[in-house]
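Same chain, two partners: chain A is paired with chain B first, then with chain C.
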Partner chain A sequence: MNLESFWVVSWVNSIGFLSGLPEWCYAAISLLCIFFFVLIPSLVFIVFFDRKLSADLQARVGPNRAGPAGVLQPIADLLKLLQKDTRSPWGWIESLWISIHSMVLYSSLAVIPLGSLALLLDTEMSAFLPFWSALVLALGTILLGLSQGTVAGWFGGIRVAAQALSGAFPALISLLCTGVRAGGFRWTVLAGSQGFAPWSWTVASNPFQAIAFLVFVMSGLVLLGIAPLEGGQSMSDIHGGVATHLSGRRLVLFRFGRFYGFFCWSVISVVLFLGAWNLPLQFRELLVRAELYPLIGFFELVCLLMKTFCLMMVIVWIARVNPRSRVDQITDFTWKVLSPFSLSALVGAGIWAGWRAFL
Partner chain B sequence: MRSKESLLSALLSYIRDVCMGAWSITESCLTAFPYVFRWGDLRKEVTEGYPDPVSSKTADDLPPRSRGLLFNDIDRCTGCKECQTICPSACIHIEEEPGADISKIWVSIFDIDFSQCIFCGLCVEVCQPASLVHTRQYEGAAYHLTDLVASFGRGQVTEEQRAKWAALRQAIESSEVSST
Partner chain C sequence: MTIVLKKMNSIDESVENNLTQWEIGPYHSSLPAPIKLSLLMDGEVVSHCSLETGFLHRGLEKVFELHSWRSSIAYVDHLDPEAAVFGELALCLGVEEIAGLAVPSRAQHIRIILAELTRVSSHLIYMVRMARVVGSETIIHYLLRDRERILDLFELLAGARFSLNFLRFGGVCADVTEGFIERVLEVCEVIRIRLKEYNDLFTFNHGFLKRTAFVAPLTSSLIRECGVTGPNARASGFSFDVRKDSPYTGYDQVDFDVPLGRGEGGSLGDVHDRFLIRLREISQSMEILKQLSETVPSGEYINSEVEKGYAIPSGEAYVRVESSRGLLGCHVVSDGSSQPARIQFRTPTVAHLMVIPKLVTGIRIEDLPVLLASLDLGIAEADR
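Right after this comes the complex of A and B.
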């Protein structure tokens, strides 16, 4: 862990009696900081804009009661859900679900690439770790569906399993495409191979990377069961699937898990294909000359989050104006369209990279 | 399934299907996009096809005894308050005072609150001078509740007007007394 570079550590050390804590304490504090200062605000922001944008696209009004233009609606929703269904006991499978989701959250927060400010861990395998986290998240969701004890829940669980299996393959292959261009799977390597300007992004480097980008985003949506491509949570035919009987705190946790998957996948897509957290070179040099290193990290985080929000909004846009797909159509699409396209993109990207090396 | 097709034509139709799918997604996205910024005609709120040219009735098509919005002809109204008494939803509010002539009542306020009216027609039935009638108008939608109150009164009387009328009445009364 490159904890030394993380600003939280020096901040904690500056408090006299806290200096000299074991490393895991620093890691835990850093994770909590990322959780509360990056993830939760992003969630509130995205939930609000998701609802407003959906309402606009569907010619509705959307939330407009809580606060000016309804900005306090996510908080109002949270408070409402937290006071519902507080007493029913947790079954053991549900406990398993929640512990799996917490573990995924805790472990993948350390590797989620949020710019140099919050990059705790960077290994040769970095780009694969959140990918496995997404699969484990799907496992937790399957267990949740099976724990419902209803047909809708069982079917939801089975569908989530089918989607996760079908989405994993093209996601993995298109992940390899970026590695072929960048020459490694470290976050820093992947980010370093791109620049701030759109024409220096991986997605714009050649047509095969563009295909890989589209496949990566779509297969992530399939893998995690997110809006345009969700079959496991379908409202119309299985009444919300795995979330049928969830209410109160459990629904908050479930929604948070789904949001986390969505957010995480968008961040990774941006880092892999859309120029990561790179700032304009002159601007960065200016900050380096002024020795404002924490500010560099902050601007990198802002840059990354802006791109992420744009990507998420585009996905929401597509999701809200198109009819929901059936689960068999989704898996069919994933196996028959996304997989061949990802494979051809991998071959093309490999040839392209080899050709460039040959030149 | 596609045994009769050649590999190339199968591949081409596959790619065509993918492109058409992508195009249909793009098309629906583009169709919905102006709604985000309320461009052009989307800015103003319109209800299209109202009244429906096929099925809607106009006021003339209504049956003869249909009960539309109420109207009170204040010149014929005697201010007997029968309608206010019989109204089951208490939506009629009347205030009155003696007018210039002793036989005339000055109906200063005659308000009908259509947000509470149930259009039962009892007020029209009890109206002795037949000043309160149902019109054939039925489109009473309004943006605010206060807009639903229909006022037919003659308006409040000023203090000096009241004194003037009182003197006038006094004069008429005294002249009548003297004549008898």
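Right after this comes the complex of A and C.
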């Protein structure tokens, strides 16, 4: 972990008696900081805008009671759900599910790229690490469905499994496309190969990368089960399937897990294809000259999050106006359409990169 | 294989045959109404289905016999709460036939306007249920917004939005309010524009076509076997509409078409056809409303013979009307007393329920909610 460059370290060290803590303490503090100051506010922000946008699209008002224009509605919902008592005590399968969920959350927080301010881990394998989290998250959801002991839950679990497997393949292949262009899978390498201007983004560099971008976003939606491709999770015949029996706090955990998957996937899509956290060059130089290094990190984070929110809103928009697809149609689509496209994008991107190298 | 399936009752047998047993209902998100389905599934394909109904039985036909003739109009509203006017209309026509009551033509016009508005509102609710099962949220709100306009019209006319209790033996309860006809025309125009919007957003949406085309086509042999009528039968090309074949209450003076299914999306009579036929019927109803609104005659709105304490002579009548779901028959028997001797209904939903076990067999379990919603079950009128 490149904790040295992380502002938390100097910040903690500045509190006299805390200096010289073991490394894992710094890591834990950093994760908690990211969780509480980036993830939770993003959740609140996205939930509010999702509801307002949906309401606008659907010719209704949307939340408008809690706080001005209803901005406090997500917090009100969260507090309401948290104080609800659970119907039955935790069983061991539910405990297993919850521990997998938490493991995923905290392990992948360290690897999600949030600009230089919060880039905890940057290795040659960085871009692949959130994948395993996504798969483990899917495993948790499968277990949640199977542990219900009902036909609906069982169907839900099996469908989530089929969907996650079919989504993972094209997603991995299209991820390789970006590595071919950038020459590595470090977050910094992937971000460094792009610029602030849209024409310097990976997605605009050649048609194959554009295909790879579309495949990557869509297969991520399939892998994580996000609307409009969430057939495995919420077909009406299985009554919500895996999450039918959840309420109160458990529902918060489940929803938060799904939101986290959606958020991570959007962040990664932005870093891989949409210019990452790059700021305009002159602006960055200005800040460097003024030696405002923490501010650079802050602006990078803001830039990244803005793009991420825009991407998420576009997906929400598409989900709101389209019917939900049947789960077998989704898996058909990923295996028969997305996978061939991702493979041809990889071949094309490889040829393109080779041709550019000869020039 | 099917014989084996029908015999199978115990869990052990289903395990031996590697089939899953699943009982859905009476209350479940995939069901449009309280019914209970016992399914046997081979993987995700339904291999056998049996149906249980009667969860909404209220003894409605017995209630008629216990109250006065006049009260039966209020009770018949509960035959099908989503399309209350058709029950009222059938009952009034029956009683008028027994008593030989003439209905003033102004009242007939008002009745048809009400019936067609009800048909549109009922079809809009049908589309809402279809949109809900395929998970398309936006169109639900659009449809409900437009249905509100029709309910507003009902409120303007009868003071109630649902159970109108507006028709009377020999006419209607009150004359139309000032500005009502203009507002009907206005609503017609709005809905005519919106229909195009619905088509763009939903009807020919690729995702919607994928969910509905080729799913559970209703064959003409099944239609004859079970007595399916209304839009469901017409979607399979079965041309039968009571309004055309034996016109009542002045439908013979109106010029309109009976749309038939053509199997554009997939095969003839599939779920998509059943959906499309409702859209087309809405536009035909708009035509009827326009024609009638422009030619409402002046005069009385109720036969002046009918006063308080008017006695229905003894006799018997069977009348048929075309409700939004199909052929609604009403058998009225009067023994000359102040209460009906018997009022019995032949409701279209009963036939649609009979079709379910046959249609469900062989489809994927994900299509079950879509199929059930597409049949437009008014369980209140079937269980009554």
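FYI, the second predicted complex is superposed on the first by the 356 of 359 C-alpha atoms of A that agree within 3 Å, B and C clash if a C-alpha of one lies under 4 Å from a C-alpha of the other, contacts with A are read in each partner's own complex, and residues count from 1 in each chain.
By definition in this document, a contact is a pair of C-beta atoms (placed from the backbone, for glycine too) under 8 Å apart; a residue touches a chain by one contact, two chains touch by 3 or more.
Keep in mind the model is a prediction, meaning the values are calculated, not measured.
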Fit or clash between chain C and chain B when superposed on chain A: clash
Touching partner for A:337 - first (chain B), second (chain C), both, neither: first
Touching partner for A:102 - first (chain B), second (chain C), both, neither: neither
First (chain B), second (chain C), both or neither touched by A:56: first
Contacts of A:155 with chain B and chain C, given as first, second, both or neither: second
Which of chain B and chain C A:324 touches, first, second, both or neither: second
Most chain A residues touched (candidates chain B, chain C): C
Those residues of chain A which chain B touches in one complex and chain C touches in the other: 57-59, 320-322
Residues of chain A that touch chain C when the two form their complex: 54, 57-60, 151, 155, 228, 231, 234-240, 320-329
Parts of chain C lying in touch with chain A, wherever the complex brings them together: 20-22, 28-30, 44, 131-138, 140-142, 145, 201-202, 205, 207-208, 210-211, 364-369
Contact footprint of chain A on chain B as seen in their complex: 18, 25, 28-29, 31-33, 35-36, 42
Touching residues on chain A, where the partner in the complex is chain B: 53, 56-59, 317-318, 320-322, 337, 341
